[in-house]
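First comes the structure, then the notes that go with it.
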Amino acid sequence: MLALFRRYSVQLFLVTLGGVITYLAYQEAIGLYYLSVLMFMGVNIILSTSLNLVNGNMGEFSCGHAGFMCVGAYVSSVLGVLLFSKDKIFGAPLLDPSLAIYFFPLIIIIGGIAAAVAGLLVALPSFKTRGDYLAIITIAANYIIISFIENLGVIGGSRGFMGMKKVLNAMRDSVDLPWMVIWVFIFTIFTIWILRRYNSSTFGKGVSAICQDEVAAEIMSVNTNKMKAITFMLSSGLAGVAGGLFAYIIGYVNPGSFNILKSTEVLVMVYLGGMASLSGAVISAIFFTILLEILRPLQIFKWVIIPLILIIVMQFRPEGIMGNRELSDVFPWMKRFYKFK
Amino acid sequence: MIMQMQNTTKESAPVLEISDMTQRFGGLTAIADFNVSLGPDAMAGLIGPNGAGKTTAFNLVSGFYQPTEGEIRICGKPTAGLKPHKVTALGVARTFQNIRLWNQMTVLDNIRVAQHGKLDYGFFKSILRTSDYFECEERIEKEARELLKIFELDKYVDEYPTNLPYGLQRKLEIVRALSEKPKLLLLDEPAAGLNSADIQELIRLIRWIHDTFDVSIWLIEHHMDVMMELCDDIKVIDFGQTIAEGTADHVRNHPAVISAYLGDDNL
Amino acid sequence: MLESIIQNLINALQWGSFYALIALGYTMVYGVLTLINFAHGDVFMVGAYIAFFAATFILSTLGLPGWVALALTIPITMILTSIVGVSLERIAYRPLRRKGAHRLYVVITALMCGLILENGNLAIFGASRKAFPELISVHVYTIGGVSFTNLKIAVIGTAILSFFILQWIVTRTKVGMAMRAISYDKFAVPLMGIPIDNIIVITFILGSAFAGLAGLLFGMSYPILEPYMGALIGWKAFIAAVVGGIGDIRGAFLGGFLLGAVEILVVAVFPSTYRDLIAFTVLLVILSVKPTGLFGIAKTTKI
């Protein structure tokens, strides 16, 4: 019995956690503000863990994560509005709004797939070049994506795009549950689950091999181009999922919210957590979201204080919170419940 | 034993065949009109002064560079246009002059990841973890552990390569290359940085590998004693040109070799 | 037709001059430290503000004539901006380097320094835009349908002059030789008795001083300052430096002028909102064809 409990303890814990949060949200025991902070935490976890795959595990320096987030956000927003809500531009919904409840996860995933395809923009040049040159390509990709959407008048251009709240309302009309909370929670767990499995398989360890010695990886039968393409696409696809969720949480997207500053935020989360540490990326995303909220009353000084804190943290812990270790390396008892690597 | 120990001499097709290979980098000719044919049971050596083009030859064979001219055939198949991992799949494995192990991976993982080209599963199965995945991972791990045991590295499985003594790192790199189950093993200066006791051990190891595994070995080395003891057939190159070829004794007394190593004045 | 081409060329040269002057600081620091100094765009912004305060002070408080003010503002701006640049290096980058932190952690620190400069400025001076005082009276000359101002010519001339000065420093002087040596081999250089930290400081001084100069010229040309002006120009200048081949001064200048030309050309043909889209796409294509940039040398991995 105890062994069984131990085997499924993580699953049990997650289901309980998800249930409790959903219940509290349903009872409106958590204020809307705290709820949105929780949801942003989930989005940030997806962003930082997925960028960590490229910047930590693969050792590249991608600085344009927000660009892929933008693709995901727009694709899932436009698709949702097109299918399930009445819109000035797109006219009547193509499908019955009561179906929104079933299609919502699919819409988010399609946003992710679109972002993964956009990830090729970075993946293909990465075959030939790496390091700082690739960093530039990612920055350029970020700008290109934003600029492209700004010039796409149909979906609002730089004014932004809205109407996602209607889709959410349609979902709540069908079944009255705090759907966004549920889906953010599920997708966050889903991301961590995918990444842990990918990183711990021999297949995925090819990524670390590329990071540690690309020449040796190539000679020792790792198809480096294929691995790079898969890894970049997985990373940007997950960023797209985060973007889709982000769009539906806020109910409004505009290209400006996915600029290089947003990418910088994600970079900070990755390096604060420690390169190639999945649990580090999760911890730092949580920590960073809370920090942002605590310092919100400071307004503009927030963006002076936060970088200052980070600079100081890096002076004392130049390898980030976790270095390249996982939680189980720091607390060995955790291994009994969950295999981190 | 994981490798099939077929010591049946197949005198038929050569494992490696290089014909008229030339490699130029801009104006520099690194390798000129290079010809080699290694049988399935060969133990050959390649020597030459620093910068003679030895490692370039290895890089060409392992698919890192594409030769400017000429052809390389591995087990009868031409390697033109193949990426290094495809060449490896044809049956070539190599080590490096400076040890190139994956230092943030355990010894066991170093061997496991080297099986990347032979995985039975891809991205989706690595995440969905179907039975293929578990079977493949189990097989790879079992084979890796066995191989490490054969080479008495099994007590270091969970150690990181940087924590091993230098000699063992060299050995691990050779084991990693062998784990590819190659037909042809290229060893690029395996004795570099080893002391004389280690070198004796290395000689025994290489000979043992050659006798035990069904593999043809081609060796670059600076230590003449290693060459003399191991290789039946030695090729000497200088400035990319082949200047002598033959048995150890023949090569050692060849005037062109002496002048290449010691300079003309000493003749 | 020809007139409009020449007209656009002059505009492109002027616009590219700013990129070139900023790209230079990126490229020099990168060449010596292989550090992408992401705060550099904001150092440029700080330079523009320093120039603004210096010029306003000299003009209104001391009541000196415009050309005297300009003559004083140039050195003041360059010196004060380089102090800012060197402070970043001393306070934030050097301690991290000493601790042997991963290179990318220094890059992140640089990003953070940039944010502090931007938002610190915003917090202290507020969001209101600053109007740069007129230091020299702008004359418009028109020759055969092509019009240009004395200011434009001054900007282009300054950029070209800066290029020759820096090229001379890097290729002909002892300090420049040390800089190049460091970029080849960081470990051997201290063993040869070259004070590596001093050379790094000099690099930051040069890079920041010319960013300050760019800030001054930018303020004179487009007399509106705001705290975020450095961010976008900085990122673009960095990209220009990479397209030119980062680590090479000629590359930085060529990349800067190239980016300026592409942007002016795009605006001349397409609606101006397409500027970033097309400019970045062109740069991406250049980098895909020549991944190391125009003057960059591919680092071959020795096997």
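Order of writing sets the labels: A, B and C. Residues in every chain begin at 1.
FYI, a residue touches a chain if its C-beta (ideal position, glycine included) is under 8 Å from a C-beta of that chain, and two chains touch if they have at least 3 such contacts.
Bear in mind the structure is a predicted one, so any value in this text is a computation, not a measurement.
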Chain pair bearing the highest count of C-beta contacts: A-C
Chain separated most widely from chain C, comparing mean CA positions: B
Chain closest to the middle [Cα centroid of all protein chains]: A
Chain centre separation (chain A, chain B; CA means) in Å: 43
Mean-CA-position distance for chain C and chain A (Å): 34
Distance from the mean Cα position of chain C to that of chain B, given in whole angstrom: 49
Of all residues in chain A, the ones touching two or more other chains: 215
Where chain C touches two or more other chains, by residue: 303
Residues of chain B touching at least two other chains: 64, 96
List of chain A residues in touch with chain C within their complex: 55, 61, 121, 124-125, 128-129, 132-133, 135-137, 139-141, 143-144, 146-148, 150-151, 158, 214-215, 260-261, 264, 267-268, 271, 275, 300-301, 303-304, 306-308, 310-311, 314-315, 318-320
Touch list for chain B against partner chain A, complex: 62, 64, 83-85, 88-89, 93-94, 96, 100-105, 109, 112-119, 121-123, 126-127, 129, 133, 136-137, 140, 176-177, 180
Interface residues, chain C side, partner chain A - complex: 30, 34, 36, 92, 95-96, 99-102, 104-105, 107-109, 111-113, 115-116, 118-120, 122-123, 231, 235, 238-239, 242, 246, 273-274, 276-277, 280-281, 283-284, 287-288, 291-293, 301, 303
Contact footprint of chain B on chain A as seen in their complex: 194, 197-198, 201-206, 208-209, 212-213, 215-225, 230, 234, 324
